[in-house]
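Once you scroll down, you'll see the structures, which are given as structure tokens.
One chain, chain A, appears in both complexes that follow, with chain B as partner in the first and chain C in the second.
Entry: the complex of A and B
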């Protein structure tokens, strides 16, 4: 299936599409589903209708603001030495909140290490995410409690886990669906191609949600692909859609459609959320070495929060009190995160030996005993 | 199970029983359906249990392993067949970085009851990439269990125990022994990770697993003609290792020789020699010796007999150990 956006949306989208991603041999840019313009104007797309209440719009706005605030707080905490590393989602809030809110409770998300906004939508405590970047665990939340898998750092590996999980849903005869998150860089990984193949031949209910944020650390998308990424899907025999990744409404509508398509037996869908990584790859990265600030400035004009705020204001759907309330809530969240991280205790070193295996393992127990005896030899001594 | 079964048939029966006993058990692999696998280990299973439980997969080992992990996360108990040892490397990342670590990084919240069956090791005159002994890679990886049976009894019961385990198990099947026959009892006589003294002796201990157990038994029989009584221990489990059984044996015999097909350098023998030396230092009459493959790619089949340990190379090592 090729999804056509409205002429109007296409016209709006055109300036944002780099030349290298224009379809060769035509003047047309890749089609981009958009329901909310950067100026905050609502546009309709007959293929992705979205009926949404004012309450829901305000709730999405709250999500976007709080997620951005949490992310900014985490970046600060890294600068203060409280976290070892942070991978900021700045600029990608709409892609994550839109897709995250499209999921039903029984659906399951398989994230990369940047899906803080999806985690938020799945009600995963932000402090759980920070524990990993602080170095007190490797994640450690119960994935099945919120149907949100652990962050996966090896690029693209989780797309296969998502596909296998979705194959299990089919075997169970359930109507759940799965989202596999990945990025433009991951699209080059063999695991992602294999996930596309498995999902396709087993007709697995999985939505591949690619946040094309234009940069894989320092490498632009031209290093990964010669065609728009959403078009990869056609070679594997399933639909691909490109959506404005800074438009929370479009991300919500398209992902909701894709999840229903998958859960109703239609098989996988690839969504390419066309967005931009406004910050560095991680706090260890320096984007000034490889990209121009003009580019970042241009994307600022398409900010996901600004456009939703403009829409709420233009339509009279939110007043000053509402925005002030969100601001206050965001301050509270920042405070909770700060205090939570600063008071997060280091684990006992014997954590090293916990959970290596589910069942007893002679060598691990032997080494645990060795370690404990060694540690105990310092007790009461000067070295303790 | 009366009568003699080949190792291949014992494995096939084990898979059948596992499919019968637990509806969450699923088999995945290349050509395991109608064909029954290139070694026919899954013969007849798809016909009896359906395509949903015995799944022919795309030819993508990382994909097989990664989706098996996903199925395990959904509550399934996948048993994966890697068609040949040399084809497991594309799945190495999924095995080492994902499968092995998942339970620990989730702080025990999720289990990975995945069994990875690999027909392994050489001696069948195959083309390259079909004769690899890569057990050290897997045994070196925390989070994996690694086992290799040498008899029909162990093939059957160890596979059933591996499938029932809530941890990932790398199950190395000695492909050149698939057609060797033996009795399979009605129950397991040892836990999965116990070693087995398969021939008692007094003068030296041969430690082997998988395909080399037979070679060591033949060597022990030959040595007896020369008046040397060799003990043979079948390791069975490569991670964890049953060091108590090995220690008791070496303390009796005073000499240990590890035999495996894998290259000696940085192989299982290195770990066994180091640990057994620590445990048995004052009981040893000779350093623990190693017999194995050379530090070279597995050779073309016309010369593989020179690469693989055989009766004479084992006896040569026995002579060296006895000469100390």
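Entry: the complex of A and C
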């Protein structure tokens, strides 16, 4: 009897959940927030309105094309032996550019090792990224200048760094927000759960941006989770939204909303950008060994660039000259990247001692001197 | 344009997958004389990790392709040359003389890189090239008191009479941290210790030896003779001839290979053979088939009766259904017969087994056997189906061969090979008449099965197949 009444009470209570506690995009259909269909048609979503000018649309298109071109060039350079490794973002351009462009200058991003599109939006020189994959720098940009943290290779670890940084923002009383990027595979990491917990209980201004590209190397999402990933947020007590990760407008609108929600004291948000890794996990991987080409073909129809181009054409917002101009610019970028990488000088080996400690350190200095003497013991130059 | 300087550039096999040493060229998409542009895909290669396409890093005309498709090439080896600054109309620059392949033929010249001939492998030069140390070492100030270095020879020397102490080379002696600690605890200066480990590394034993020598009256060095490093040439893959196909070893093939190596090199195998007249068995199989006595739709095959014959023999000699437990140093006589049947499947050879086959009646066994074979053919055999086997039958006769020397399924003591049944002239009741004859072979693990036991089991199986009535009389 008691069981029955409790069940009835619960059933009754559900619709009465106050709006501010309702999980956005979770309890209300449609599950997937989309503002631009794969055919290039604009869709309105009352929860995530987006006013956008033609200039902004064209600018987003340029970002997507250039980021893809840069990525393709990097893959090619790896195949030529110029890079040790490359993690391609092919297919995920919209998720990265949309979220990257949603950030304000003072916001801070904590990337994995695949956020080349976000790096682009944070004005990190593509050549700088490639230096790391070529092994000539250790992450060559100043994170505090770009508000873009160094690439994190350890899966999921950056979600904790981001949460800590966000907790610091609150203590500073600033109105900045943080984005932590991670993938569907990382969602199984303990670090991510810990970050969710801390962010939640400290009400930290952090947006967890999960690019669910369906594959954690060779593991499909189905073996990572039994529920859609964005619903995990409800268990930690903050909103979760699933957005079409191949729709740059939806990613922009949802991330902008989430960052504002966070910076205005609303606490963390989990965004699951539903997308697809069109290429290999990294250049060391061969996806044909574990997934069907039919699946990849199906996702091709949802391509982020094709749909924005279709939209620009249908609405008459861009002409042939615009597209040709972008094409030429992307060729230029390709050439700059190719030549830039091939002519990168090998670094001075003693660079490795430079940033071990912020201040001079006796042991490091001793090791540096020892190494310099060792290097000088070879014939044919000091370090080469 | 015409003033552009033409030069020959080589594209070397890149490491496309984090630390790979070689890749196989699968397909060439270009040929000599083709114009190529920077970034154009020119070939597909396969590494241990992935099949990938390689883009060429030059604009120009393909001069030469050094390796045909199907060749495995070391990372860092030039695979194609391009005349940079040329266009397709131009004649190939300096055909023979400057071509790298020609340079290879000139064996006199010391080529530091391993340059291959068109087919197969050229001579292998030393692995990594190291720059020579300066003859006068500028030692760090703090180690100035170290003995002056002589020649650069950090390798252990194979001549015991002239052991080289690490100190002689004036470097910090090589040793792992625990060994350093040991040396410190024993008061041994590592620079005085003779290194016998690989690459001149001082081992724990070396330190103990030095300590013993120090404790004893200073006699001759007692360090064990350093062992010359084993030639690594043996580990190199065999030369690939034209037309060879290299199939990566994985999946069932890999598991089979590991199991067979483990079995063949741990269990001493003995194989015995017997030819047997199975005319009566074949007649019985036919009758059972026609009558449907074993149940409607149940398949009846000679293999079924071979299985039943083996089970009968096992019941008479349970010691054959056993395993060698190396760690416990015991022979385990199995309480239950899980009868393995080697099956050729689309995935390769697998050996599922019928659990507790010994307690099954003939109709039950027929059903089990049919199910096992169907499941295997559909590729649906589960790992559990393949575990726990105790004795196995391999039906090589289906391939039309008479017999073989089967290798034991690991963890089992015997395996029976059932050959083809042929009509042969046979002496039957004093006359030479055509009879249906087969050959049985039984391999057994000689650690636990003696010739007597093995022979009796094989003879029993043969006897039952010769006179299947014995299934009743011995049953």
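Note that in this section the second predicted complex is superposed on the first by the 348 of 384 C-alpha atoms of A that agree within 3 Å, B and C clash if a C-alpha of one lies under 4 Å from a C-alpha of the other, contacts with A are read in each partner's own complex, and residues count from 1 in each chain.
Simple rule for what comes next: contacts are C-beta pairs under 8 Å (C-beta built on N, C-alpha and C of every residue); 3 or more make two chains touch, one makes a residue touch a chain.
No experiment lies behind these values; they were computed from the predicted model shown.
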| item | value |
| --- | --- |
| Touched partner set for A:217, first chain B, second chain C, both or neither | neither |
| Contacts of A:54 with chain B and chain C, given as first, second, both or neither | neither |
| Touched partner set for A:324, first chain B, second chain C, both or neither | neither |
| Touched partner set for A:373, first chain B, second chain C, both or neither | second |
| More chain A residues in contact [chain B versus chain C] | B |
| Touched partner set for A:227, first chain B, second chain C, both or neither | neither |
| Touching partner for A:342 - first (chain B), second (chain C), both, neither | second |
| Where chain A meets both chain C and chain B, residue numbers | none |
| Touching residues on chain A, where the partner in the complex is chain C | 73, 76, 78-82, 84-85, 280, 283-286, 288-289, 334, 338, 342, 369-370, 373-374, 376-380 |
| Touching residues on chain B, where the partner in the complex is chain A | 26, 52, 57-58, 60, 62-63, 65-76, 90, 93-94, 97-98, 101-112, 142-143, 145, 165-167, 193, 239-243 |
| Chain A to chain B touching residues, read off their complex | 137-145, 149-150, 152, 154, 157, 159-169, 171-172, 190-191, 194-195, 197-198, 201, 354-359, 361-364 |
| Partner chain A, residues of chain C touching it in the complex | 11-18, 38-39, 49-57, 131-134, 137-142 |
